[in-house]
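Chain naming follows the written order as A, B, C and D, and within any one chain the residues start at number 1.
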Amino acid sequence: MIDKAAVSAEVAVADISDGASVMIGGFGTAGMPDELIDALIRRDVGDLTIINNNAGNGETGVAALIAAGRVRKIICSFPRQSDSHHFDARYRAGEIELELVPQGNLAARIHAAGAGLGAIFTPTGFGTLLAQGKETRRIDGRDHVLEYPIHADFALIKASKGDRWGNLVYRKTARNFGPIMAMAARTTIAQVSELVPLGSLDPEVVVTPGIFVQRVVEITPGAAIADLDAATA
Amino acid sequence: MKRLDRDQMAARVARDIPEGSYVNLGIGLPTKVADHLPRNREIFLQSENGLLGMGPAPALGEEDPELINAGKQPVTLLSGGCYFHHADSFAMMRGGHIDICVLGAFQVSVNGDLANWHTGEPDAIPAVGGAMDLAIGARQTFVMMELLTRRGQSKLVETCTYPLTGLACVSRVYTDLGIFSVGGGGASVVELVEGVSLDDLRQMTGLSLGRCGVAYTS
Amino acid sequence: MIDKAAVSAEVAVADISDGASVMIGGFGTAGMPDELIDALIRRDVGDLTIINNNAGNGETGVAALIAAGRVRKIICSFPRQSDSHHFDARYRAGEIELELVPQGNLAARIHAAGAGLGAIFTPTGFGTLLAQGKETRRIDGRDHVLEYPIHADFALIKASKGDRWGNLVYRKTARNFGPIMAMAARTTIAQVSELVPLGSLDPEVVVTPGIFVQRVVEITPGAAIADLDAATA
Amino acid sequence: MKRLDRDQMAARVARDIPEGSYVNLGIGLPTKVADHLPRNREIFLQSENGLLGMGPAPALGEEDPELINAGKQPVTLLSGGCYFHHADSFAMMRGGHIDICVLGAFQVSVNGDLANWHTGEPDAIPAVGGAMDLAIGARQTFVMMELLTRRGQSKLVETCTYPLTGLACVSRVYTDLGIFSVGGGGASVVELVEGVSLDDLRQMTGLSLGRCGVAYTS
């Protein structure tokens, strides 16, 4: 019997090691897999490359990972925000590398990785600083930039429900990068608010088929504090 | 000199959005346009973080942290709206499925180049978000901005000096002092704000502005 | 009020004219919009370019369109089948042009059109007859072929349910090419087995958002014969 | 000479598919493998027309024309299976998410080139379907075929003479007369069918076959 359910966030992230590339779902805090990130922070690994839309908000999630000094490089579209002080400080201190990618190219490059494409010609960014040094081509009267897929060793994502085969459904705009990151990472770890019995997800409404998910860990909303207490006890 | 305030500008943009349009409203000033869309016109607002059919802000206490817009503010979903992932969302944009995108700007050039993501200051931390995708993806990109900086410099320019967001992508510029069409060989005044003359605009911008209409913004 | 519902298949296809490129959903007969195709056949238009996975099965759908002599060119992955005699005959007579595309490249090229990409490097087909004369490139140790998007003037697809904004859900494997063809055509016409009131489709389970659909026509299963009678009366 | 029949071949392939594998079974002979997968092993069958978790053929009278496999035969969906569209389906394939793909073949070369889509006859109407995507997409591509043509020619060859489906994509070839590994410098016999010697295979194929094991297929 195949059971992708991990007993805890700790166990789920136990093989993420120094230097890994890690996609982290979420747009702002919606869809951010906070408990998986917390578990990653409790592991003593650094030198990570993080792929996320932002570079952390406030004190939790990606911001906490950056604050803990675990991130060597971040690939994102929108690092600077009113509450991105942890990133800002590390970036200004030259302690973190930034690869800035237009949000749609970020999505397309992640999707290309998941779909096994070698590269894509995208019109976004042509003629801008973010296309400097990149190959360009005029196709059908429109200028394009050649962009390469973004793969990752791991993806940490958050879904609403999941089953033991790794099928996932999401909730509202927390869906965002989850489905495409799941496709692009070698190992995808999903925290779900509810682990449901196999067969309870309607086959027509599964958003992420289990083939893209290697581990599922149930994190009941509100249980995070208890989980943290247990881990530090 | 009389200027349109931000709500008047938003109302003016809203007037030009036909029923049935698929529209993306950028972060900041353009968000205001939503408040001025007439209730009897069905217009589909897209937010690039994965929803179509965006409704107004929720009532106090009804906010859902998992139902937000691109500016990360709580929103609602209209009946008939739906959710999708980021690749699908930007496919809508890049694939030309969005009719109108309304963006803020630092500068717009007479040929429609847009600069709205980076001040170019060496110590600024750059952040682009979806700006570049939005700028070149929609069938029409409208810019909504005050015509002059606080120091009185025109943001409608011959050539952008700020780093570009997209080339020749803007078709229309809505400002507090007039409405301009750009691209296709130069800038023209489409509509004057009452009390502001074409000569005033030529002087303020330093541009040899053409004129497409005689209408006044009300 | 926006109402994309068309009163009949005839009305829905009324502006498809000579020389149009038309994507037609379906894999075999599953998801084939038979009634829209029948309505197209009843119009006197020819010289069509058809994009479909197959080149017609038996006597209905794409096969009927070919039999009626309306198709100048077909872009597909699997024309030859046990029941593709209408295509076979026309092809052997030199009356129909064939662009043969590997099925996954067909899907990826249609998807690329919908997503506004200029071209994609795909590994499929490298070193084969179907890549002859095409640009190739070795990327990250893997050989790729440069393939261009496939756009179309129209897409005719079949969904299970739709609403007046054009939101669609599909049924089982009848989904196949429908969602990506809807994205890639300038005008997408969906026949749905049931037109449902706005708001009755769960926003989490809509597969094709209405933005990709311009017209919806309700074809209740079993009503096709009555429809045909009415049209010929 | 004793040969494995088609069911024995299918059973032998089935034995090499570990629990938890994502597997695509090609049209024709490979479809038979499904009947031989042990019930107590959870294996995920994908069909490229948009389903994962494919179950056995439905009972007579229970067929659903909208629930078919790539061969357009009626199938069922297991509890826990799901549907998706064609781009997602081939993303699974091309993106390396499918562990094992089992295909039929006209020819396989010692370096793993596959020819299975076109006889090369000038008057044949070509049809490729998903063959090229499947051949190069899966992490491992197995071929399942009779070793010899009806005329007694080996289908395991030094160099394919039929038009290629994919280059260096096959890792293992299951035949009625032996199991071969190909690629990475040449072909080797992995397993002999009882009553067939390595020399027999060398003679039948005309290839200088290496030998990786001494096992016999039962």
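Here are some notes:
Keep in mind that, in the parts below, a residue touches a chain if its C-beta (ideal position, glycine included) is under 8 Å from a C-beta of that chain, and two chains touch if they have at least 3 such contacts.
Quantities reported herein were computed from a predicted structural model and do not represent experimental measurements.
Shared contacts of subunit A and subunit B, meaning chains that touch the two of them, come down to C. Traced through touching neighbours, the fewest hops from subunit B to subunit D number 2.
Subunit A and subunit C have CA centres that are 34 Å apart. With centres defined as mean CA coordinates, subunit D is found 30 Å away from subunit C. Shared interface positions of subunit D, i.e. residues touching 2 or more other chains, are given as 51, 77, 83-84, 87, 90, 93-94, 137. In subunit A, the positions touching at least two other chains are 108, 111, 115-117, 122-123, 170-172, 204. Contact between chains, using the touch rule, shows up for A-B, A-C, A-D, B-C, C-D. Contacts from subunit D toward subunit C in the complex involve residues 47-51, 64-68, 72, 77, 83-87, 89-90, 93-94, 118, 123-133, 136-137, 163-167.
Within the complex, the subunit A residues that touch subunit C are 108, 112, 115-123, 137, 139-140, 142, 144, 148, 169-172, 202, 204-205. The touching residues of subunit B, counted against subunit C in their complex, run 19-20, 22, 42, 44, 46, 52-53, 77, 79-84, 87-88, 90-98, 137. Within the complex, the subunit C residues that touch subunit D are 27-31, 53, 77-81, 87-88, 91-92, 98, 100-108, 110-111, 122-130, 143, 170-180, 207. Those residues of subunit C that touch subunit B in the complex are listed here as 1-2, 111, 113-117, 163-165, 167, 183, 198-199, 201, 203-204, 206, 209-212.
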